[in-house]
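Chain IDs A, B, C and D follow the sequence of writing; residue 1 opens each chain.
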Amino acid sequence: MPDRIRMGLVGGGPGSFIGPVHRIAAELDGEIALVAGAFSRDAQRSAEAGRGYGIAPERAYPSIEAMLDAEAARADGIQFVTIATPNFHHLPAACAAMRAGIAVMSDKPMTATLDQARELAAVLAANPVPYGLTYTYSGYPLVREMRERIATGAIGAVRKVVVEYNQGWLAGAGEGKQAEWRLDPARSGEGGCIADIGVHAFHLAEFVTGLRVSRINADLGTVVQGRALDDDCQMFLRFEGGARGLLSASQVMTGEGNDLAIRIYGETGALRWSQENPNRFEWLKGEGGMEVVRAGDPGLSAIAMRGIRLPGGHPEGLLEALANLYRDFARDMRGEGGSLVPGIEDGLRGMALVAAAVAASRAESGWVDLKV
Amino acid sequence: MPDRIRMGLVGGGPGSFIGPVHRIAAELDGEIALVAGAFSRDAQRSAEAGRGYGIAPERAYPSIEAMLDAEAARADGIQFVTIATPNFHHLPAACAAMRAGIAVMSDKPMTATLDQARELAAVLAANPVPYGLTYTYSGYPLVREMRERIATGAIGAVRKVVVEYNQGWLAGAGEGKQAEWRLDPARSGEGGCIADIGVHAFHLAEFVTGLRVSRINADLGTVVQGRALDDDCQMFLRFEGGARGLLSASQVMTGEGNDLAIRIYGETGALRWSQENPNRFEWLKGEGGMEVVRAGDPGLSAIAMRGIRLPGGHPEGLLEALANLYRDFARDMRGEGGSLVPGIEDGLRGMALVAAAVAASRAESGWVDLKV
Amino acid sequence: MPDRIRMGLVGGGPGSFIGPVHRIAAELDGEIALVAGAFSRDAQRSAEAGRGYGIAPERAYPSIEAMLDAEAARADGIQFVTIATPNFHHLPAACAAMRAGIAVMSDKPMTATLDQARELAAVLAANPVPYGLTYTYSGYPLVREMRERIATGAIGAVRKVVVEYNQGWLAGAGEGKQAEWRLDPARSGEGGCIADIGVHAFHLAEFVTGLRVSRINADLGTVVQGRALDDDCQMFLRFEGGARGLLSASQVMTGEGNDLAIRIYGETGALRWSQENPNRFEWLKGEGGMEVVRAGDPGLSAIAMRGIRLPGGHPEGLLEALANLYRDFARDMRGEGGSLVPGIEDGLRGMALVAAAVAASRAESGWVDLKV
Amino acid sequence: MPDRIRMGLVGGGPGSFIGPVHRIAAELDGEIALVAGAFSRDAQRSAEAGRGYGIAPERAYPSIEAMLDAEAARADGIQFVTIATPNFHHLPAACAAMRAGIAVMSDKPMTATLDQARELAAVLAANPVPYGLTYTYSGYPLVREMRERIATGAIGAVRKVVVEYNQGWLAGAGEGKQAEWRLDPARSGEGGCIADIGVHAFHLAEFVTGLRVSRINADLGTVVQGRALDDDCQMFLRFEGGARGLLSASQVMTGEGNDLAIRIYGETGALRWSQENPNRFEWLKGEGGMEVVRAGDPGLSAIAMRGIRLPGGHPEGLLEALANLYRDFARDMRGEGGSLVPGIEDGLRGMALVAAAVAASRAESGWVDLKV
């Protein structure tokens, strides 16, 4: 194993949920080490977080700028940043890093608005470094296996895709830190549920099928009164080539946990997968019969196998899926190729979806084109 | 047990799938007996079918008119007809019976077009007899239990309904008798998948929630080239009072059997049910936790209990669900009350849905009102 | 359809659970008609039951003897009896019928003791008529499919069988009519749980594998204090040829419904089936992969197909499984062959199991041979 | 976060499956760091493994003795060893560490024989250090939740336990490194399947119920010809206080992955859990109804919550379960208390089970006492 790639974390301060998740996933396979961070704008809190992560005191900074400056002066300085802040901060953080020649791994959605996304893309084009987006669910080995199988014709031409992302944690008043910034347009952007989880569903659909959505008809709603942003979305999709799709994403489905699920129907077969039981998918065969494909089965593709650490029947979960993205990002960092980590294009498409869905739904304009 | 109510079957001749299903379900509980039939316009074939059902040779007729005439002359003549023909024949058959003062149990959809449905309703108004529609899935005891629970506040005000009906039997060329007439506008009507199974999903959603759909935004498609009718439908729903809904019905979901499923999300809980495993539903509770409600559990409502014949863990299926509709229809015939068998209003609403969806989807007109 | 075969019911009087079940299942496919019965020793109650079943008043008898006599005098007299009484009455009822030349369909276990079973077998040998036993679960189409597949080598030589029958209805004090006689050695026989459901599990294991158990090591227990009979059984099995087995049957598994399940492991594959979701089984393949075989799939054997009434995805249940036994019994009655209805040999083996298990467990004698 | 506790790994050299698993799990939560190892007796291979783990070259040793000596001389020397070798090496490795005052985390089974286990216990008594055993499955949060609920009366007094561990990876000839040593008595000990996975099932049963097994009746078999050790085990259990149990463990269940599952039936309820879907269990209630308890539900005990890193619906798996044992072991190392990591007593009991089962099964001696 070569030396670990050195990572700096932006955000993920005290009380953060996602910060420790990034730390675990990034370090899981021993290829990356968290060595610095700008965990909070409050120096005190940033230092506190640094202690929690076990990093050297002098490497807990009060801002990404401070971190970039100081780390650049070290022989063992950070090689990339992971951005784990609320959406509105994604753009400035990413741009600062890219302009400093530092690679970026960013939480989704890419930015708060489509304009910001375009700006980010421009800055990246001018300052080319590895750029990754944590559409975490694309890191599940069996998601990747479905992608491989569809690409190699296992179900024939794709005809219909049903993707849904059912959550219930905002069915109530939605208090708590996580809810707070997500429901605030100033920090989250113009999309609520659509930007928070709708884009995950959208990315999964495009990732697995290898097809791009060309048109949408969207119906976004705000179920819990008083909210400024949507908390329930439903959308018809039309893919290039004509395949039909249905996307449902909601955060007010009382009692649901994190039920992201996708079904893809082709001319000669279909696949069904659910995130809450991620180590298997079902393969419906046109000629009849259903096969359950499991993580330990023989015949899985190399792309799936490289993301599986344990023998069949030993469950792996979300941390391992995110770790697979980090391993791919490490490939990018080492210039090795073969990475499947989502990037700038996926980010732009997600933001275009948010913009189009919000506008079209508000105007009840029916079908609209999806343009990046 | 009182004497059995005497039934005549219209359609269901040799090679019919649905005819024997009606016979079994109608007779299952010993309250109804199939005693006559107009099984085919071909006298030979009608006689052959009559022998298969074990009815007296002279009571197998070549037409409903002949049956109504002859049976009216018998002391033990039929008391109602079950109509199990292709859609385009529902209207004339039902009207003939009603005008003869004979009650009607009809396959869905009520007719081939909305205009026909209105005509049927007018004839019924002028000739009041019991009229039932076999929205079979509403006969499942646990579907009825969900209805009861929602009506009594188990999940609070309904916010979102997701209903889907996934079939795959028309994913291929769709040969065979069943496919043939369903894909022929002359016999099926203006709706394909929407009229065949979409209306089931729609009825289920209205039945379980007790709410009516007021607006829709529909996207009907024909996936298999060369077909004259839709084979895949997706629809946004808006219920009176504002609840949101999503309806998906398809007959080209390769590999799917008969996967009708509904989830209803309310302010304080949610229910999930699937027809392929019908003796249970899941009750997600807003405060946390999920309860699986099973057919044998204590605390079920009387309305559910009366449709359950076996102790917990002994599966009942579709025939028993349809039998429950027949038992309700027998209640209607005896004037007892308490019946939940779908009727003329449900039929009209279903046909209104078909008409609105077909027109709106073709015109890409976005949201339209649903008017009976 | 030929004339219906005429059936008389023994037992199944007012308040009976199993009587109506037999009526529905026997008549379901239109090949058999319940026309008479000795529903209760109390003439009043027998008449009352007769009315409930809708049979002619004069054909509700106070005893099987009276029924056999009177029906013998009718041109349209009964052709077979179904015995649905507590176990201790199986022997006299069956013998009376057989001696009158009347065929017998009997509830399991065959008798109350092994000695009685031998006596019944002797009487049958002297009075050959069709004799069937309602090991109902062997009527499920997918159970029969598993049997066919194992017989034709789908999983190679059988190595290990795990069969379990989990119920919870006697976890409490066990009040009610059903519990009462089952817990009374005078009416039930020497076995409690082992005779009530253990024999079902045992028959299923032998039926599906086509192998016979040669030795057992049994551990029967009485979990609820004060009972005279076992309410929980566990058993090691050894089949002829050396295959190993495990049988578990219990009626004190709090909260369980009627969870009969079997798994059969062979050299090259395995099958798993559960009664509570009976229209499918899982086929694990030695080379990897798992196929879910569903009731509507192509490629099912003729023996399974003849017991399936509905297209894939339309669930059938226990009543239909029992109806399949009755259809097979009707084959026997018509002398057609091809029947899979369990018979005298299965009955004897079940009673031998009860006797061996009770004796060996009580004596803690470890392994004992299973001898009929 | 305090400084990481320093761990040395014994075994886990090139090609090892379990070594990297220990590395990931130990380091997952940032409390422990792998800093040294005796990965192989071959110095070359040990060095190679060390590079793979990213540890300093001079800290990859050719033997545990060398490691203990050299590390003792360092200020930052190892504080505990993890033993991940074949069974026969557990005793000498553990004793060497303990005598050097170094704590031990060991793979199960504790040793190769019961005599060795007693010797290990004696050495530990003379050299008290923290000692942990990786009965990994006891680290699953919902396993711990079940233990808590049973301890606090959620299902009343335990009456019956069914635990099974179904694997299929030795159904074939069983080639490969993993199979090789496990099937060799010289390296594995006197038990095959019983020692490899039977002890997991046994520990789980005792851990969850809080009860101890007092008697067993065992049936061990060798299904694949030519093996020196058992590959299929079934066992009746009797717990102190009289509760009944059934244990099944097999490695020849063709097609099974790693299906460890337990059901515990009490007077007033029951719990069911399966390792292949570990983030939930079912709670059957005596009064009726079944609740599915999920990892994200409110109301979980503190003991479960401390092992859960993600919100509901985000699956965690085996690595996280093992990490929970390491976190508990870190508690032990820090002298904090509250640890649930299995220890010497669990190890002794496991080895006593192996010895009793092997002897009793071979002698067909029926019930025997289980004595440590």
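Of note:
Heads up, the rule we're going with is that a residue touches a chain if its C-beta (ideal position, glycine included) is under 8 Å from a C-beta of that chain, and two chains touch if they have at least 3 such contacts.
To keep track of the chains, here are their UniProt names: A, B, C, D = Oxidoreductase.
Remember, predicted model here, so these are calculated numbers, not experimental data.
The chains in contact with chain B as well as with chain C are A, D. Relative to chain C, the chain whose mean Cα position lies farthest away is A. Compared on C-beta pairs in contact, B-D and C-D come out with C-D as the pair having more.
Computed from the mean C-alpha positions, the centre of chain C lies at a distance of 43 Å from the centre of chain D. Centre-to-centre, using mean CA coordinates, chain B is 55 Å away from chain D. The set of chain A residues that touch two or more partner chains comprises 256, 288, 290, 294.
On the side of chain D, the complex with chain B involves touching residues 282, 287-294, 297-299.
Looking at the complex, you find that chain D touches chain A at residues 1, 3-4, 17, 20-21, 23-24, 27-30, 51-54, 167, 169, 256-259, 275-279, 294, 296, 309-320. Listed in rising order, the residues of chain B touching chain A in the complex are 155, 159-160, 162, 164, 168, 171-172, 217, 219, 221, 223, 232, 234, 236, 244, 246, 248, 250, 252-256, 263, 265-270, 284-286, 288, 290, 364-367.
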